[in-house]
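One structure is given below, encoded as structure tokens.
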Amino acid sequence: MENYIWLIPALPFLGSLLLILFGTRLSRAGVAILGVGSVGISALITILLGLQYLAEKPAFYHQEVWQWFNVAGFSPSIAFHLDALSIVFIFVITFVGFLIHLYSTAYMAEDMDFSRFFACMNLFVGSMLLLVMADNLLLLYFGWEGVGLCSYLLIGFWYKDPANGYAARKAFIITRVGDVAMAIGLFILFQTFGTLHIQTILSQAPEVWSVGAQAAVLVGLLLLGGAVGKSGQLPLQTWLPDAMAGPTPVSALIHAATMVTAGVYLIARMYVIFDLAPVAQMAVAVIGAVTLLLAGFSALTQYDLKRVLAYSTISQIGYMFLALGVGAWSAGIFHFMIHAFFKALLFLCAGAIILALHHEQDMRQMGGLRKSMPVVFWTFLIGAASLAALPLITAGFYSKDQILWYALAGPQGSIWLYLAGLVGAFITSVYTFRMVFMTFYGEPKTHVAHPPGKIITIPLVILAILSLVGGFIELPHNFAHVALFSGLMAPVLPGITANELLAANEWLFQVLAAVVSLGGVFVAYLFYQKSPALLASIERSSFAMALHRFWFSGWGFDALYDALIVRPYVFLANLNKRDIIDSFYTGLARTAEGFHVMISQTQSGVLRNYVAGVVVGAIMILTISLLL
Amino acid sequence: MSGAPMEAALLLAGVLFILGLISVLIRRNIIFMLISVEIMLNAAGLAFIVAGSRWVQPDGQVMFIFILTMAAAEVSVGLALILQIYHQLKTLDSDAASFMKG
Amino acid sequence: MILLWMIVILMAGGLLAWLSKKWHPELPRWIALFAVLADFILAVYLWLTLPAATLGASPWLLQLEIPWIPQWGVNFILALDGLSLLMLLLTFFLGILCVLVSWREIQTKSGFFHFNLMWVLAGITGVFLTLDLFLFYFFWEVMLIPMYFLIGIWGHANRTYAAFKFFLFTQASGLLMLLAILGLYFIHGSQTGTYTFNYFELLGTTLAPEAARLLMAGFLAAFLVKLPVVPFHSWLPDAHSEAPTAGSVVLAGLLLKTGAYGLLRFVLPLFPTAAVEFAPWAMLLGAVGIIYGAVMAYSQTDLKRLAAYTSVSHMGFVILGVFAFNVWALQGVVMQMIAHGLSTGALFIVAGLLYERLHTRDMGQMGGFWAKAPKLGVFAMVFVMASLGLPGLGNFIAEFLTLVGSWQANNWLTVIATIGIVLATAYSLRIMQKVFFEPAPTDHPLPDLSAREMLIAVPMIALILWLGLYPQPVLDTVQPSINQQLQAYQEPEVKEKVAVVEAVPKAELSIGKDKRGKTKVPL
Amino acid sequence: MELTFYIAAAVAVLSTIMVITRYNIIHALLYLVVSFLAVAVVFFTLGAPFMAALEIIIYAGAIVVLIIFVIMMLNLTQEDVRREKEWLKPSVWVGPAILSAVLLAELVYIVAAGTSPQTEAVVAVDAKLVGLSLFGPYILGVQLCGIMLTAGIVGAYHLGRHKKKVIHRFLQERSAAA
């Protein structure tokens, strides 16, 4: 099976290429078969490969397709390195990607640019697979930029509205800021190790750098910069809510399940660097903690269904960063996987609702959908429960509980990180159920036009099941103790040991987490279902209104960047549109012209003046020669 | 044969040259200007003769012959030009031709 | 002899094209096309058949030497190495595109147009081939004058101004180079007694530091203006935006490369110590150019002017890399020369195609072409992405290698240059947004690419992808030349690197160990 | 001999002054002939008798005659003399005269400041020597002079010829504009 590894990214690329070349000539069914089929076969190969991996338990699979280039020892290859970490990622990418592609055939059925959509989506899947399968950082960077391009193309998919184009460019440019940091990180790594081969770097780093070495910290922070940009973390998070301008399957695939977690992958992949750079690792944790809180509060105030989910994505990735930052590597990846399931599910449900309501995204215009769309309601509820981490039955509970536990009890954990996570969990469950109540309960406000068909509901059901049972492969040791996932990760990522003192009372914190989560649901029920008047009275106070506005605008980051960077840049650029340097040369030309005009005055045509000029010249020359 | 003082001869050349020059500068009549140029050329020739005499070399006189030839050619062409100008402008005023400055 | 033929074919083709206008109005195009095509086939043939120069041995693949004016020491020397071979391939490839792209655009005086086009190409070919400094200057002028006519006769509204500006800048700087060439000639002559313009003999000239600085300044003047580097760039936007499409393509794709080529071929080997002294300033100019060009590009509304400023930005990488003096940076520079030739050439072709259809270059008048002309849109998208350095396309390899190399030489300037990538994103996406995505202000009919235009677009896309995905043949071709240029800088290191190149590629791990601590290039 | 020189020099200067101050061209030309003759005497005193002869023949003879011919062709009248008087006002000539005086002063200074060589007896350089060097080392100059004279003849003929249509194209434009 390992000889077919290259097919996994190659098939989506091929699909994309064929769709670009012949997409306009194919029928819709043809496009759908090509677009979905290529990802489907990739998913199939991935699952077979994954089963083989589980059976054989090799350290990793490696396949070199060709050598990219070789310049004086700098010789990255187009080569794939598959270990447990990559396999989890490619499983999520291909499998969830396949479900979303399938869903898209129905969702985008009416769209003019059906083939362009699938071409971009396939290109995205291919690039994302390159990103996670790359055996060297340059190829990873290739995928990294490739997904950025696809994200740009798909956010701006409905290009006729300039706002979408703006959002697309914003996403591309902001992520590129992170990419620059990452590129510089790569330069340092290359200078130090003479290669960008990931495994070589990981094995040599501890020999070259001592713990806390300046270079290691620098590289760690620079890589973190890249990760922050891609994953929509503070301070580069502002593009992600706007990215919801794209079609909903795009939001589900790119801006929830896969691309935005590339940062998580990068940090987990380069964990050795972060182990060597405690400062950088601490920065990861702190950024995660702060981001999850800020995004959570913003999510509380949004009315656009997709924007709530977008902020929730930022917040959940914050949890993953928190996990990585405290050294709970496997917990972070576990949460990534579970998050991919339930967030994709939520987005797809949201898409079904939006489609049914004629592209209405405002939750205030929704309500009472529980009756008219039962399948969507139940699957959404499951996803929401998983997001809110309702205890015991949902996968989200197990993954998030692990993070919270290690944020407190891990070697790098602290009470502040734990508290941030706990508060975040509470907010998460509040905004999640706010969404549920506003959308599915209450009075119907908009007529349901198209009840979702089979192609839409099947992926929902599959994802819903995964969102429930996905958690059972990793259960806390004091509760059934299943450690399939962390066992899988063990050869790749180091394990983590909890603080002995706290470990005795672990159940206490689990209960606390459960209570917090349920408490959030209750608060949401109180405000949005039982007595909306209570909420209204709070919202009326001027402080609450100001706070609401502040949170609604995403803590004012957009305005800040606009005023600090975008406007001055555009202003300066436009100021200098005529090129100030050119005026030096035109000035030179003007001066020459001025002299020309001046001297041409002397050419009067009067012969005697010319003679006088000669005389004056002769006198001058004679005088000078006499004086010298 | 007691020789004439060289300085005096050179001064004579200088004075004649300057007189010619003054005339070129103050006259508007083209024929006068031409005559003045002849005076200046003659003065220059005189200077060459002086020098040749001083060093007892024939070169000074050779140069004078060249100047003479040149003066002859110059006068013939110059006069032809004066004729043209007079025919076209009906005047000998050199300033009248100032529109030819281009 | 084959080298001489390349030039002769172009020159004769040009003359014939001019004359043939009398016989049939379409004939000049076909003659020009076949002349360039013949040269292209010759160059490809050379590439495929000549054995790659063995590393360590002389990098010269072919050489031709005929005494020309022996009493002055002027010889007609043409020589080919990997670097010039690649440049020739680029020249002829873009030359074919230029003929194709002018097929409908140029209707007046088409005979003279093709004469000029052929002679520009001949001049460029000569510049890339010759190794006699006298002859080099001769060809330097040969490519200048026809270009002046190309801009001045077939340009847009403000063409006379642009043509003059172009001519004055390049001519003035070229004269400074002539001075430097003569200076070198006389210094060498007075030292050794043999007065010669032969490059190989001049290479060994030992120069006093002061003289070396002055002479290098003369060469730099010509090359930096041609490149162009920021304070000397202002001829470029005017010339590019006013020139006809083929003119812009030749300017951006080839003429700028002669500056870079000159730096590599002449400045580095002739003045090693002076170049090392100048390096920090040159790199600073490069970094400033990257940022400045990008900012300027962002504010332009004229599509061709915008593309012109992107050239300024991209050429910043060239000078940044050249003065980093290491293999990665120089490989990156060569790659950048080729990739930029393609990508910016393509952008100008896009602008030209749009101009042909809309008769405007103002982006404010454009919009919504994505739906109307999807093929054109994809063509533009690929090269816009190339110009912002998307991996998988040639420019990425170029920029990344250049930056990796320049990082070894100067950290902070590399950081600044890397920030330029963000700005590149900003202006590149602006093109796509304004021209293709945003709703159109006016409703022009816009036919999509015709078969002839597809013939232009498809090979370009294929090439830029090839350069991005498998650049090794290109890198291998140029490697011996780069080693040669760098000999003066890192004698021991090159040896080591040669060994590395020959080693099996999977030996990365051990290389990493060797390299540590040594990768820093002594500056 | 020295006295001859000084007298001749004085005559030359005086007659030249008279040349440049006359209003009537013919008068001026007569003084010019005197001036040339005086210079010829100076040549003689300087030991260049052959040149003196040439001076008389060509300058005083040929050139002045040529000028007189031209003046005759121009039909000058008393009117021209009056206009000449009008043109030659002090305000016109003072400036140039001062300028020239400065130049003269400098020339005098240069000549006076030069290390004056001991006045020796003037040795005549005879015509034979001049002829030898003229057709020896200066042969190229002689040929050039020949070419120049030819050009002069052709030019003078071309310019002096009366054509039916004599108005130059510049003047045509001007008259058309006027």
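Which chain is which? They are A, B, C and D, in the order written, and residues in each are numbered from 1.
Keep in mind that, in the parts below, a contact is a pair of C-beta atoms (placed from the backbone, for glycine too) under 8 Å apart; a residue touches a chain by one contact, two chains touch by 3 or more.
The structure displayed is predicted, hence computed values, not measured ones.
Colleague: Can you tell me which chain lies farthest from chain B, using the average of the Cα atoms as each chain's centre?
Modeller: A
Colleague: Report, in whole Å, the distance between the mean C-alpha point of chain A and the mean C-alpha point of chain D.
Modeller: Chain centroid spacing, chain A to chain D, equals 97 Å.
Colleague: Let me have the rounded angstrom distance from the C-alpha centre of chain B over to the C-alpha centre of chain C, please.
Modeller: 62
Colleague: Quick check: how many Å separate the C-alpha centres of chain B and chain D?
Modeller: The computed centroid separation for chain B versus chain D comes out at 4 Å.
Colleague: Report, in whole Å, the distance between the mean C-alpha point of chain A and the mean C-alpha point of chain C.
Modeller: Roughly 37 Å, centre to centre.
Colleague: Specify, in ascending order, the residues of chain B that touch 2 or more different other chains.
Modeller: Correct list: 21, 25-28, 99-100.
Colleague: Going through chain C residue by residue, note those that touch at least 2 other chains and give them in order.
Modeller: Not one residue in chain C touches at least two other chains.
Colleague: Going by the contact rule already set, what residues in chain A reach two or more other chains?
Modeller: Counting only residues that touch two or more other chains, chain A contributes 608, 612, 615.
Colleague: Using the contact rule from the top, write out all pairs of chains that touch.
Modeller: A-B, A-C, A-D, B-D
Colleague: Can you list the chain D residues touching chain A in their complex?
Modeller: Residues 96, 99-100, 102-103, 106-107, 109-110.
Colleague: Using the touch definition from the top, list the residues of chain C that touch chain A in their complex.
Modeller: Residues in contact with chain A: 165, 230-231, 233-235, 237, 295-296, 298-300, 326-328, 331, 368, 370, 374, 378, 385, 390-392, 396-397, 400-401, 403-404, 407-408, 414-415, 418-419, 421-422, 425-426, 429-430, 433, 436-439, 469-472, 475, 479, 497, 500-501, 505, 508-509, 511-516, 519-520.
Colleague: Of all residues in chain A, which touch chain B in the complex?
Modeller: 603-608, 611-612, 615
Colleague: Which of the residues in chain B come into contact with chain A in the complex?
Modeller: Where chain B meets chain A, its residues are 21, 24-28, 33, 94-95, 97-102.
Colleague: Chain B touches which residues of chain D in the complex?
Modeller: Residues in contact with chain B: 1-2, 5-6, 9, 12-13, 16-17, 19-20, 25, 28-29, 32, 35-36, 39, 42-43, 45-48, 50-51, 54-55, 58-59, 62-63, 66-67, 70-71, 73-74, 80, 84, 87-88, 92-93, 96-97, 99-101, 103-104, 107-108, 111-112, 114, 116-117, 119-125, 129-130, 132-134, 138, 141, 145, 148-149, 151-153, 155-160, 162, 166-168, 170-171, 174.
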